[in-house]
Amino acid sequence: MSSTLGEKVRISLFGQSHGEMIGCVIDGLPAGEAVDAEALQAFMSRRAPGGAYTTRRRESDEARVVSGLFQGKTCGAPLCVLIGNTDTRSADYEWMKETPRPGHADYPAEIKYKGFQDYRGGGHFSARLTAALCAAGGIALQILSRRGIDIGAHLLSVGDIADEAFDPLLVSHECLRKASTGFPTLSENAEKSMKALIDQVRAEGDSVGGVVECAAIGLPVGVGGPVFDGLENRIAQAVFGIPAVKGIEFGTGFAAARMRGHQNNDPYEWRDGQPVLLSNNAGGILGGLSDGAPVIFRAAFKPTPSIAQAQQTVSLSAKRDAILEITGRHDPCVAVRAVPVVEAAAALAVLDLMEMN
Amino acid sequence: MSSTLGEKVRISLFGQSHGEMIGCVIDGLPAGEAVDAEALQAFMSRRAPGGAYTTRRRESDEARVVSGLFQGKTCGAPLCVLIGNTDTRSADYEWMKETPRPGHADYPAEIKYKGFQDYRGGGHFSARLTAALCAAGGIALQILSRRGIDIGAHLLSVGDIADEAFDPLLVSHECLRKASTGFPTLSENAEKSMKALIDQVRAEGDSVGGVVECAAIGLPVGVGGPVFDGLENRIAQAVFGIPAVKGIEFGTGFAAARMRGHQNNDPYEWRDGQPVLLSNNAGGILGGLSDGAPVIFRAAFKPTPSIAQAQQTVSLSAKRDAILEITGRHDPCVAVRAVPVVEAAAALAVLDLMEMN
Amino acid sequence: MSSTLGEKVRISLFGQSHGEMIGCVIDGLPAGEAVDAEALQAFMSRRAPGGAYTTRRRESDEARVVSGLFQGKTCGAPLCVLIGNTDTRSADYEWMKETPRPGHADYPAEIKYKGFQDYRGGGHFSARLTAALCAAGGIALQILSRRGIDIGAHLLSVGDIADEAFDPLLVSHECLRKASTGFPTLSENAEKSMKALIDQVRAEGDSVGGVVECAAIGLPVGVGGPVFDGLENRIAQAVFGIPAVKGIEFGTGFAAARMRGHQNNDPYEWRDGQPVLLSNNAGGILGGLSDGAPVIFRAAFKPTPSIAQAQQTVSLSAKRDAILEITGRHDPCVAVRAVPVVEAAAALAVLDLMEMN
Amino acid sequence: MSSTLGEKVRISLFGQSHGEMIGCVIDGLPAGEAVDAEALQAFMSRRAPGGAYTTRRRESDEARVVSGLFQGKTCGAPLCVLIGNTDTRSADYEWMKETPRPGHADYPAEIKYKGFQDYRGGGHFSARLTAALCAAGGIALQILSRRGIDIGAHLLSVGDIADEAFDPLLVSHECLRKASTGFPTLSENAEKSMKALIDQVRAEGDSVGGVVECAAIGLPVGVGGPVFDGLENRIAQAVFGIPAVKGIEFGTGFAAARMRGHQNNDPYEWRDGQPVLLSNNAGGILGGLSDGAPVIFRAAFKPTPSIAQAQQTVSLSAKRDAILEITGRHDPCVAVRAVPVVEAAAALAVLDLMEMN
């Protein structure tokens, strides 16, 4: 089902951008897992709107777990997490049904749902839903952390400006947490340049794309499965659930298509009683299975489609061309706030595969 | 499940590289659909080994449908397709369990399956399984074709050598069929240069990666779904089921991450009684739904991991470093034969989503 | 997943008896379906506690739809329905972890969830969850009704006292609604005798079992599927989701095991341009598919396991035998309030199969 | 999907009664499990036709495992099992499309599949498919047996003649195997009387129904899940996959509906360091979870619908009433051969739930 992810740990997202609430149900979590509400809130606040480099919509994104916990721990029953939509201004959006926004799902949704879709703010297609994804993923991250697995991401690029990359073999816990406070880069220089670029595109009434790089360390060897349920398939399915993602690559990814086999293959060495990889071009995944090296992938985000510049579209009722000028509050670069969302999506995929292993 | 794909049209792959048979079961196909056995065989022969630029393993890859057809048409019962493994030489592969091949699933599979995996030729992880994927996908393509949907792919690049790309707005039936005979490029120049490069890397005992570009035309607007079951999620899940794929991108993909919103958004125009897209940076997909433009994506293939050059690995039993020299028959560039496999994977994802719509 | 039902129309139940809320998410409903909140509330009130012949726990069971509706109709996004637990008295139940109640899930849940289960009132295993099932099923019933499909049930027996049965061929809309107000029997005599029996068992500190009979009319021919996804498989999976159900039978059911083929087979007659069944021993289902006759089944409910009489159990901490005396509010016959729940479960199974057809 | 069962251990059945082959794919079996081919064949021969009290169709039902095994053990890859249809006489069945057989799926299948169904011998709806179910279930039984779990069934009744029942608390391995050779009853008296009755109904050109009782011993406490994936839901879904099953009940089942709570509740006693049940009215299942007592259920089989007596049906092409006289080879009582099939279905449900636990 479209808003459901996972086989054993299964999440079901619900809500629309301007409805009463959004949230998720998480079924199949192991019992006895503590959920640290404060840590969850801190994780979610990394995604929450309000910062200078994000939308000015202000919502606390408070996640309220109304089932599935007992005495602070998972009790085997499904968790339901509710997040209120407190700062919605529906009047802003009524023209959306009439003049579909370029780059948004407005027009295909109008056709698919025969005109019954909730068009306000993109409805169920809105990036607002990533708050619910973060709630679920934040809980998954806490569980994985107790198993020695850490997942972290950073903003690898905005437009042409690049952050330094994770070291594919040596990425550490410290490294994974580096981008989790403040602006999500590893390097301060990248932060400055990216902020300047974002300021500029906002001033131009425009937006810009970016790439998020994510790594997971501590996975035991052999997590995943062949063919359709490998780590790549499942992480990709989860990550394409984040609006604006248009590409994903693991390890050397598209660069591998330009390489020779002798360069791209990762040799083994016998060290400390086990085989150890000497490079990590595979991004920690061979045949869909974790190979012991860090799992590394990158997700490409397109520029925010909502821009202030006038755009050409159509009037569906007048059946003619139209010019659209979008006002309101929008992130000039969705990739910035997407960093914890990518972590959340990866965590859900990894936890489900581990529970199925 | 790992070797199962789809919700309503569900395929279940089976077999190992050097087992008796491989094949698939396809459940949920609509009844009354003709299966043209000759056309299916022709499609599968595009993937079959034996050409000068592929492995020298020779198998006819004859697909035998043993259930699900009645009087030449689907009868509502699941189809089972069998493909014999006729040219297996198990003696070639017995060292695989002992000295895991760099770039292959050998080592993580050893751990995951506790030493019980069929290590001969990669077992169930082998690219041999793509013959079964092609059988299922070839049937899906025939069904889609009767609905006016055509899916085709070509070899966009090998190493640094690039074919011309599909025109994202104007890709036609003719264009989609152009790479379906002979070497799978659109341009003859690219063909020549790629062949030369492949000859060279083979002579060096090496291999090279490549990119396959695929397009689907004729989809009605609104196929797919939000969040986790959109066209991107499902095509990605299917395409990462092809061994050696390390990345996928839709429309402008990773390039979108460098673009501005006003460049990447696709404007609409009112034409012939409906909205028409004036560009196709989205790759035909908005919010997981088809938007009426051609669906376009690219998959990155890493270089074939089996190379003749000596490689560093370990001996699992001797618990020490080892040098591996792989002999035998291997494609110097897996992306060449992967072209129809990508079409097959895309067709299965699209057909399933259409049947669920 | 354990609390998830359905393939295309998929519901995910959550909540525990004494948690903050229970509810459900319904994904995959067709867009554009009106949800009549008053009719839904009226349906749910048939299940709600508070009547003389049910538990004295008093809860309004108000279903609040917080997502998935727009302008009163389904919008394609998942519906989330919340129901508060307003009259919980947790102090009543703290001994449950310690001395497992006979006939309840307390002991196996303690083992399965390693002591972390929410033991208050049975937690997620509680019949309280059927309120959420009714919310989802009540919406499904409204959708089915607009397609000419009506589903109704009645209390066929309590202990040895029997109501009149549905006429398997002639059951009508009027007939299906007859038991939907007041005490859920077709016959007034049965109502009187059942009430007397229930009064008696309550006075004895005991409980009694019962059978609910359910029929669905108006299904087109051919709904369902062969082997594992037929009407019988799916209705059974849904109905066994209601606590205390210990058996289900379709058509003549267990009585068919005593019959001869020439008695049990339902002959056809050509009437009004189509084949019509002359009897309905099959309960409207052949090979898992609807055959045009009313779908009829019966579900057996065991007596409420919570009884006032002293019962023999164990003390898990003291590791010795113990005597349990349950006080509190309990239905003397769960089958009474289960009547609409059976309708709800059947509606969800039927709607999902119709959407998959 | 209709012919697919299970979440982690998932089987996919294929084939039609008079097609080339039937079989199944089993995905998700743990690696390293030996498959004893002889024992599997012996199990399947219990279902095979050919005995005096079954159909006279003669087929060896040889199960050929063509994938998923390596050196005699499961290797983590899906198993494909093929069974040839060697004794089909298609000429016998061509009238089936034209004059639907009462009690068979012929007419609803004609509608569902729009006339494209394989009508020969019931196609995919045929009881012939239970050979494939037995192949999969026979493998599951071998795996369960190594975990100390034994599943066995017997013919509890044919028409009004009853075998002795399993003792619900004391059923033993010996007891479970008692009906696995020769005619499948526990008592010799029942065997004689049942055979006489079957001889009689065959002579009358008629058939008769029966009940199969099945028990599983050795399950640890806590296998299963709440709400929709409990042992009852899953066993029911599997068992209704056997043609002719019209009812299922667990423990006291429908009899519980006539009982009082103090009779039906199973008390606990502290014995040998754990709680032990003093009766087993629950059939070993509380809240969908195994409670430590034997799991016991009964499945009701209707009389074979194919009978020699003339029956009233319709001619679909002539659009008028018709008389049908079925010749050919049919079991007078399908319940006889169904005994191992019920064991197989139960084993698949139990193994899947154990692997998901």
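As written, the chain order gives the labels A, B, C and D, with residue 1 at the start of each chain.
Following the convention adopted for this analysis, a contact is a pair of C-beta atoms (placed from the backbone, for glycine too) under 8 Å apart; a residue touches a chain by one contact, two chains touch by 3 or more.
Please read all numbers here as calculations on a predicted model, not as lab measurements.
The chain pair A-B and the chain pair B-C differ in C-beta contact count, and the higher one is A-B.
To find the repeat of A-C among C-D, B-D or A-D, check which pair has over half of the same contact pairs by residue number; it is B-D. Centroid analysis (C-alpha atoms only) places C farthest from chain B. For the pair chain A and chain B, the distance between mean C-alpha positions equals 26 Å. With centres set at the average Cα position, the gap from chain B to chain C is 46 Å. Among the residues of chain D, those touching two or more other chains are numbered 1-4, 7-8, 13, 76-77, 109, 112-113, 124, 226. Listed in rising order, the residues of chain C touching chain B in the complex are 7-8, 76-77, 226, 356. Residues 1-5, 7, 13, 100, 102-109, 111-113, 122, 124-125, 129, 157, 159-160, 201, 204, 206-211, 220-230, 232-234, 236-238, 240-241, 243, 245-254, 256-270, 273, 275, 278, 281-283, 286-292, 300-307, 309, 311-316, 319-321, 335, 357 of chain D touch chain C in their complex.
Across the complex, chain B meets chain D through its residues 1-4, 7-8, 10, 12-16, 19-23, 25, 27-28, 31-32, 66-68, 70, 73-80, 82, 109, 112-118, 120, 123-124.
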